[in-house]
Each structure stands twice: as structure tokens, then as C-alpha cells.
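Scroll down for the structure; my scribbles are underneath it.
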Amino acid sequence: MSPGTERVKLTPYSDDLLATARALGAATLHEAAGRIGALPGAIQAVAPTMRVAGPAFTVEVPAGDNLGIHRAIYAARPGDVLVVATRGGTEWGYWGEILNEAAIARGLAGLVIAGGVRDTHVLAEQPFPVFSDGVCIRGTLKNIAPHWLQRPVAIGDVVISAGDLVVGDRDGVVVLPPAAVDAAVAKGRQREADEVDKIAQIRAGVRTLELYGFGEG
Amino acid sequence: MSPGTERVKLTPYSDDLLATARALGAATLHEAAGRIGALPGAIQAVAPTMRVAGPAFTVEVPAGDNLGIHRAIYAARPGDVLVVATRGGTEWGYWGEILNEAAIARGLAGLVIAGGVRDTHVLAEQPFPVFSDGVCIRGTLKNIAPHWLQRPVAIGDVVISAGDLVVGDRDGVVVLPPAAVDAAVAKGRQREADEVDKIAQIRAGVRTLELYGFGEG
Amino acid sequence: MSPGTERVKLTPYSDDLLATARALGAATLHEAAGRIGALPGAIQAVAPTMRVAGPAFTVEVPAGDNLGIHRAIYAARPGDVLVVATRGGTEWGYWGEILNEAAIARGLAGLVIAGGVRDTHVLAEQPFPVFSDGVCIRGTLKNIAPHWLQRPVAIGDVVISAGDLVVGDRDGVVVLPPAAVDAAVAKGRQREADEVDKIAQIRAGVRTLELYGFGEG
Amino acid sequence: MSPGTERVKLTPYSDDLLATARALGAATLHEAAGRIGALPGAIQAVAPTMRVAGPAFTVEVPAGDNLGIHRAIYAARPGDVLVVATRGGTEWGYWGEILNEAAIARGLAGLVIAGGVRDTHVLAEQPFPVFSDGVCIRGTLKNIAPHWLQRPVAIGDVVISAGDLVVGDRDGVVVLPPAAVDAAVAKGRQREADEVDKIAQIRAGVRTLELYGFGEG
Amino acid sequence: MSPGTERVKLTPYSDDLLATARALGAATLHEAAGRIGALPGAIQAVAPTMRVAGPAFTVEVPAGDNLGIHRAIYAARPGDVLVVATRGGTEWGYWGEILNEAAIARGLAGLVIAGGVRDTHVLAEQPFPVFSDGVCIRGTLKNIAPHWLQRPVAIGDVVISAGDLVVGDRDGVVVLPPAAVDAAVAKGRQREADEVDKIAQIRAGVRTLELYGFGEG
Amino acid sequence: MSPGTERVKLTPYSDDLLATARALGAATLHEAAGRIGALPGAIQAVAPTMRVAGPAFTVEVPAGDNLGIHRAIYAARPGDVLVVATRGGTEWGYWGEILNEAAIARGLAGLVIAGGVRDTHVLAEQPFPVFSDGVCIRGTLKNIAPHWLQRPVAIGDVVISAGDLVVGDRDGVVVLPPAAVDAAVAKGRQREADEVDKIAQIRAGVRTLELYGFGEG
């Protein structure tokens, strides 16, 4: 049985849905879901071609302590996206080459962290999407205070729960609650089709004012 | 029947517990609960003598839109503390004299907001504790996008749910989940008693290194 | 002839209008003018009781250079409010006791500066309102680059021109173009009267939802 | 008649001047004009090869509302550079693929915005230079408050008026008032020629201390 | 023998010098020393009347760890000012009532910390000056990584060495190397005398332009 | 005699050591030295492939004044890394093509600056590594206040002395005191070898929890 088949069973989102979500991208799904779940713009992909879609495996670690991330790598299921909050401590390097290798070995889908990463020359070349709000060499400690796995975490003004759909690309990252996903993906597909049509009309000379019905103002 | 009696029935926390929590203060309860729930230090009382304790009534409003706060004032129960997240839009004046009057009329216990307030010359003199991360005259709009009441909100790195205990004073604000409250209050009382004893010992010449058993280092 | 009489002639705003504007305050005039002209919330009064109203005398100085402020004190007319932009250099002490004395001697109405001030123990006690976004002892230099007087300056997202009305109080500072002032003051008076009425209604049990016609939502 | 010819008539700057300004670049023109008009360093090109030069078409929109940008695209003339201030609301995606297509269809010269953009994978590949201070997926609303076209706007510490010359490249963006342009371009050319000579001398072993006459210090 | 006499022997600065430095204040000594040693403006006194002068006892602690501060209290000499750097971790409460009591018991002169403090309702009332860049309830840990005592520390853009003179008041904090102190104090006294004279002249109608010889510009 | 040989004599670090340090990189040496000396994550290479290793030649300049940098280029020895602190004034372009040429002509090893640079289209292509915390066109002045060469400087929370080893790469910059270098390089080599082994084990299915002995948690 292939890992792909296995993943279908393990996650609430089908491979098809995840592929579609990844292709639609963060901005489209954010809009399609009613403009919710946008993580702070500072959280960006380590390399511009990186894209991710998968269920959130949430992690909260003490500032400057990455032991919880080690544990999360082995507690998460293949296909999960680690979503890590760091209690305000962004100026540390919580993730590097070793953890990246471990996450790849585990079949995880990606990492989203409100905190720094390092070994970026390696991370940028590997097939594992990493989204972070900074690069920092400052080394973390282990186990200085409790960490939590799979509890709701706060990043920016978004509350992220275990199993939420995480989608990231060059524009940033969106997080959607499971109940909103199917409608958002369907609406996102429609939105994308509409955009192709709108662009054709714009190129033909139609104004966005008419396309969207804004009137003359 | 007095409003105080009424409040006992309406909230999950007794008047006694709330009075104790208010007296113990934010820092002590944060410590006693295992160092959780500290809101960002930028959220401070409008006047240094203000103190608050009560269950959270959570509100999330669009940046620059305070309609949800109007609705929350009338949806909350007497004794509730409004806890308002503003989707990153702190540079607005979401709250002023009128809403303060309305909150007092409704018997609410206080306001904690990740956003600006105004009419501070009035707010500072009134018997309603307001904690905010800034003062700003910029006027808000109404109903530019959906707001939510009683859903979990994110402020700093803390996820706040409806009914969490909110305690604030001159040092800042802590938010504790209901399940942690009783133990935190009990431990906080003990901690306070210990501190009185510790201070006496320190004044008598004992070093904190011995008081806490840190050794010689 | 008294300085007060003289000032009436020299400025475009009458003493009555200025007194009214000062009493209405920054937040009310900002609202009454259509929510324009709010300076950043970080610009606050050095002492909470300070209030100012007067025409802007605009100054732009190089970061860390206060010579232009010296010149402005003597180029401005009595009753003017110095409005100083510092090209992004806030972490300096551009203003202190000496300049405060000079401004008082000249009969200026106040200072609004996007930059630091010092000698705050003196400034806080003197009858000259100072609004600044920080306190800083770092001493400025003189004449390191050109300064400009009475040209439009940018503070936050507001463009301020010479002669704009500046009104500040404990809530912050608003700047209005002359053409908007009369209507804003008239509307502000009405707004203030309305607020007195609204507060009476709120105290009598009326909800803000009805007062403002927000409906049930 | 070609669009290029048409544009000569429509704008106050000749095609030759614009080509020269674009080639000289932002830093050289900023220096040549007497060190004025530097926008904040955070405003950077979406792709490092982007360059822009053209007259400013200024836009001020409410935070989180891009209707004014739609209108500006059709009110501006071909060759104009949209310069958009967003009243402090940078954490939104005001511009994306659709508006980029519309701007290209209209023959606009570029966009400079103190706010976020999205669809950056598309923007980075298209022949339309975009300068922004962030990437953000957060979707904007329409018409929540008035916008203004062609009024002076404030970005950083620079006041930008309609028709000012905007020049941007990998180093950032400079804005010059029309009266300063001819002299700045002439001086910039000279400066550039001087730099070629200076670099030759440096490579030959001359010290910058002599080149600039700094003396021994 | 009085503690005062004792302190003279223990510190490199005489009681007279310290009293003078405290009276002159931070801004005057910063200027008199040639505009050096200004700590960031965000570091402010917990209560506006607090003043401090004394030799620096430098401390560097890991972010979120205050064990080094406990040790410093007992390693420092009476009259020393603790100067604490926290490796970028300001959002913690490193200091509170207990440490304040311990510092008073030890006869220390004050605390300057690039980090948060708590129990501010107590600190503000006690005879021990505390200067900090924030108030925060977040509890610190102990011994998560090494701390250092009496090594040079960096706060803002100032390098502070053990024994440097620290002077703080409502305007902020200045730090001077020992070799600069005597001249700075002497020049500061002269400066203060000059200011009295300058203020008298200003009140008599002399312009600062003449007082400082700025000419007509 | 080759420049390489010459450099061996001039600097305290051998060519071999510098080559090894450059290859090991900033994060590894930071860890190997006991997690010290990490400059703020915002200081990044102008181009991702840039790497630097060499002894620090420290420079402190007034905000907005780069004369000290000109002098430092000629005071430093070939192989030195200029490390420039700018007294909090990052929003300026202190360094550009001319200084880059001068530094190359002098055989310097690189630049690390807490401040802006410009002419980045040139800097990114040249064989001279530049690490900076921003790009900014704002032109600097000369000699507005004293600068210092080879005195300790503060960048972030790190005190940097003349002769400290500076190592930078895509992850950021570390600065180590001379006494810590040999051990750090030796330990870094070992660490690197360990990482190769660890990665092989991870790829073979071993968990990081066992590799590091974290236990089950």
C-alpha cells in the first residue's frame, strides 16, 4: 500500500482536496473562506517556490526551547503540517537541517513557525516547505518549561486548532477550520475560474469598475 | 435581590473567588498557575489603580470596526470582562465614554482590548477598569466585516476562550482556563503568604540565594 | 492692547473658536471632521492635563538636529503650535527646558513633535503643552543638514500644512485643514450635546444598539 | 501615433528624462537632489530587477479598503506611477493579479504602496514594477470610508504630491518635486560620471579620503 | 561608622560626586560628557520622581532567566547600580517585590534593566529607583543557561562596563566611563549655571538664536 | 609573496582557521562556542551565497554619518571585517558601490553593519560579502559628530571588540572572542561530523529523540 493511500485514511482531507488547496494557494482560499485565517505577512516561505497544504499539528513551545518540536515530529502523522507558536520568542533558530531531515523521514508535509529557523542554505534546497518569520542562528535550549502538542495556538490574530487546514505559498499562509474547508475550496475553484475570465476581459479593455460593479464613484 | 447575589448565579466564579483573585493580582496568579496566560506587557491599565477579575466574554472585531463591541456589551452578563481582539488593528479608538457608560449600566466587570481607547480623561476617573495597549483618537467604523462573540480569540501568544478567568492590575493581565483557576488561587494565596514570610527574612538579612535554595553558583 | 487681542488679528482662528476646539478635544473634532487628521497614538502629552489648540507652524528638521526648531520659535506667531517632523529620527531629545522657556516667552501655544523631548520634570510643570512620541536624553546637533519651515510635513499618515488647526489633549492630537474647521467645530458641539443626551439615556437603561440604530444584528 | 508619443504629451516629464531617471536610479537621484524624498527602506521591489520612473498619481485609501486603487487605475494617465498610502494599515493585500493586469492594460508605469500586496508569484514575473512594504494575503474590503485621489499623501517622512517624479529600483524609491527634477537629473548624470572616474582611481590605489578631500582625521 | 562613609571607600565615586551627578541628571551629564552613553529612551523610571547615581554592576542573563540577578544582588557592593542586559528578551518580569526588598537590604543604589519588571504598585512606592523598558507579569525561569556578572554588556547602542557611572532620572539613563566622569560633572555644573543664566535672559527677551550664536540662518 | 601569505602575518587567525570557520558557518560556530555572539537575525547577507570570516575591525559612527567608515577602510588591515554600529540610526545608506570598491582595493574581508546599504544591484554581484539589516537610499552626511575606531561596539545584545572573529553566511552572523575561537572551531568540526552521522541515522529511521537522548517525554 502506498504512503499516499495511507495518508487518505489518516487525515480528514483527501489527497485530491489537498492538491487542489495547494494549487489554489493561500490568498484565494483566504478570500473564498470569507477572509479568515490569514497569518501575519512576516511569516514567509524560506524559498519562493515552496507550497504546502495539510492538517495542522499544533505545537506551543517556550521561547528558546525546541524540545516540543522534536516530540511533535514523532507524534504527528505523515502529511501533517507542524504549526509552532513560540510564546513571543521569535529571535531564535528553532529549526535546522537535522529537524528538516527528521520531518522528511517522517513524511510530514511542512512547517509553519512564528519563530526563526537556520541552516537556510540547506532548507531552501530541500523538498520540505518551511514558513517562518525570520532567520536566526541563536541556538535553542531543551525542556526549560512545558510544551504542549495539539492544543489551540495563537499566531498573529489567528487561533489555530489541531486539524485545521494549513495552506501556504509565496504569498503567505492561511489556516481554515475543517468545517469551512469544502466550501472554501469549491468557492476558490470558482473564484479562480472567474479570475481567468476577468483577466481576459481586462485584457480586452473592460474596466475592473464594471467587472466588479463598483459604479462610477 | 442585590446585583451581587445575582452575579453569583450567573457566573462560574463565586464573588469570593473573584475578590481573592483581584487581590492576588495578575503576576501572582500567572506564577501560581504555572506561568501561563500572560497577555503582552503593552496591555496596561488606563489608570494605575484599576483592578479587574471576572469571566471572559470574548469578542473579535474587524480592524477599525467596533460594532461587535456594542453587541457584546448587551450579550455579556453582569460581571463579565470583555476581552476584545481586533485582527491586528491596534491604531484605532474602539472604546470611549459612551461605551464605558453602557458597560457600567450593564454591570460588566471590565474591558481588556488589544487595540486603542479614547476619552481617557473620562475613563481614568470612572469605576470601570479598562486595559488597553494604546490610546488613539482614530474613529472606528461599523459593520465593515463580520465580528464574532464568544469564540476563542488570540492576543499575543495566548488563546482566550469564553469563560476563562481574566485578572488585571497595574502589572498587566493574566487569563486562566476555568480548570486551572481553583488551584491557581489556592497556590496564589500560599505564594502570597510565603512572600510575606520571605520579605521578613530578607529584611532580617537572609539572602534570596538561601530562601530559594539556589546555592552558591 | 493685550496679547490676546493681538492674537485674534494674527491667526485665522478666533480666540472663541480656539477655546471651543480646546474644550471639545481631539477625538471629538476628529470624528466631527469625518475621521481625518489623527496623528499616531504614540504622540502623547507630557502631562495628562495638557491641552492645546492653535494653527500649525510646521517644521521639518534633519534627524538629530534641532536648529530649525530654534528658528521656528522666532519665526512663528504668538498662538502658533509648532508641529515638528524629524525625518524618522525619534530617538533624540529635540526639546527641553531652554526651548520651553523660549516658546513661553514668545507666546506660542504648544509643541507637537514626532521625536523625543527631555527635561520632562520641568516640562510637565510648566504652562506650555508638549506632545511627543518619546522621552530621550540624546542630545541633538545643529545645522547638519537643511531644515524647512512652513512647508507641508508628514507625521504618521497625515500631511500637515502651515495654518492647519492642531488640537491635542490626553487622547492625542488631531490636525484639520482650515476649510474643515468651522464645520467640524459646529458638528463637534452638536456631537458633544448629543453625547450628554446619549449618556443620560444609557443611564436610564437605553441600549447603544437603539441609540445608534444598529438593529439586532 | 504610438503610446510613447502620446505619453510625452500627457506627462510633464519627457520619455528621455524618464529613461535617464530610471537608469540613474533612486539613490543617485536622492543624492543629486540634495538628499530629499527617500521613502522608507521597507518599501522594496517585488522582484530585484524592477525599475520605475514616472509622475506620481497619489492615492489615499482607508486601511483595508482598496476601492480607491481601482478608481485610481482608471483616473490615472498612461505612464503614471500609482503612489498609495493606506492610513497605517500595511497588513493587508491591497494589490494582486487582477489589478496588475488592469494597470498593465491601462499603460501605467508602476505601483508604490505603503501596504501589502499578494499574488507575488505572478507580480514578480510580469512587466509591471511593484514596490511595497510587505506581502500579505489578507483580503481588503471596498468603500468602508472615503478615499482620495491626487491629494498629497504621507509615506514615511515624505509628503508626495500629484505629479512628483517617482523613481524606484532595487535600492528603494525616491520622490522628487517637479521643480527639483531637471537639476537632479543633470547633477545625477554628472555624479554618475564622477563615480566611474572615482572607481577607476580607487582601483588604481587612490584612497577615498583623498578623492573626497576628507583629510587625515 | 555610617554606611555613607563606608560607601566612600567601597566605590570609586565619592558621595559628593554621586549627589552632584544625581542632581545634575541624565540629560545634563550626557551633554556634558560629549553626548555619549544615552540608553534607549524606552528605559524609563517606574515612578517619575526616581533618581539614581552609582557605579554599574553589570549583569547579563539569558532571556527569561533571572538567576543571575539574584546572584548579582549579593555580589554587588552597597551603592552599586545593577545594570542588566537580557539578550533580547524584554517581554518577561525579571524583577519584583522580593528582589526589590533584597536590593534594599543590601544597600544597592538602583536597577537599570533592558527587560520587564512587575509588582510595580510596590516598586513605585519604595525608596529604590528602578528603570526598565516595560512592565510584564511573565515569570522567569532559573539557570536555563549561563549568566555573566561584571562583563561588558550591550544595551541599545551603548557598551556598559563594570564601574561605569550610571545616572538616571525622569528623562532616562546615561552611562559614563570612569575616565569621563570628573570632567562631565564639572562641565555639567557649569552647564547648569549657564542654563539658569540663559533662562533669565530668555525671560528678559533675548532670543536663543543670539544666546547660542546661531545667527540669522 | 602572495597576499594570502601576507595576511597570515597580519591577522591573529590563520588562513586555515578562517577557511574552516567560513565553511562551518555562523550557526555551527555559535553553537560550538556555547551559544554566544549571535547578532540580530535582521542582519542578513546582501546575496545568499555570501560568506565571510575574519577579525573584527570595529567602527562606531554617528547616526547618518559615514566618515568613520571611510577612515576605517584605510585603518583596517587586509583580511579584516568591518563591523559598524550606527547609534541606532539604521534607516540610512552608509555603504555603496564606491566604498565597496575601496574595501576590495584594500583587501578587506567583508562588512557587517547595523544600518542600511545601497547600490545593492552592484553589491550583490561583487566578490565582497556585505551583511546589513536593511537597504536604504537615504544619503549620509560626514563628520557631524565624532566616530570611533577599534573600540568595543554594541550590536543587538552582543559586545564586539577589535579582533573578535566574525563569521557570516546565509543564516546570519556570529562574533566570537579570540580566546573562544580555537575550541569553537574544533568543536564545530566535530559537530559537523556528528551531524553527517546523525542525518544518516535519521534517514535510516532513527528518531531525534534517541539521537539526542531526550527520552519519551
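When the chains are written out, they are named A, B, C, D, E and F in that same order, and each has its own residue count from 1.
We adopt the following convention: a residue touches a chain if its C-beta (ideal position, glycine included) is under 8 Å from a C-beta of that chain, and two chains touch if they have at least 3 such contacts.
Since we're looking at a predicted model, the values are computed, not measured.
**Q** For subunit C and subunit D, which third chains touch each of them?
**A** Both subunit C and subunit D are touched by B, F, going by the contact rule given at the top.
**Q** Using the touch definition from the top, what's the fewest steps needed to get from subunit B to subunit D?
**A** 1
**Q** For subunit C versus subunit E, which are copies of one sequence, does the interface use mostly the same residue numbers on each side, meaning over half shared, or is it different?
**A** Because under half of the interface numbers appear in both copies, subunit E and subunit C meet with different residues.
**Q** What whole-number Å value describes the gap between the mean CA coordinates of subunit A and subunit F?
**A** Once rounded, the distance between the two centres reads 32 Å.
**Q** Give me the residue numbers in subunit B that touch at least two other chains, ranges are fine.
**A** If we look for residues of subunit B contacting two or more partner chains, we find 35, 40, 88, 91, 145.
**Q** So which chains end up touching which?
**A** A-B, A-D, A-E, A-F, B-C, B-D, B-E, C-D, C-E, C-F, D-F, E-F
**Q** Considering the complex alone, what residue numbers of subunit A touch subunit F?
**A** Touching subunit F from subunit A are residues 67, 70-71, 73-74, 91, 93, 96-99, 101-102, 105, 116, 118-121, 124, 134-139, 142-143.
**Q** Give the list of subunit B residues in touch with subunit A in this complex.
**A** 34-35, 40, 60, 85-88, 145-146, 151-159
**Q** Quick check: in the complex, which residue numbers of subunit D touch subunit B?
**A** 62-64, 88-89, 91, 141, 144-145
**Q** Once bound in the complex, which stretches of subunit C touch subunit B?
**A** Touch residues, subunit C against subunit B: 26-27, 30-31, 35, 38, 40-42, 44, 48, 169-174, 195, 198-199, 202-203, 205, 207-209, 212, 214, 217.
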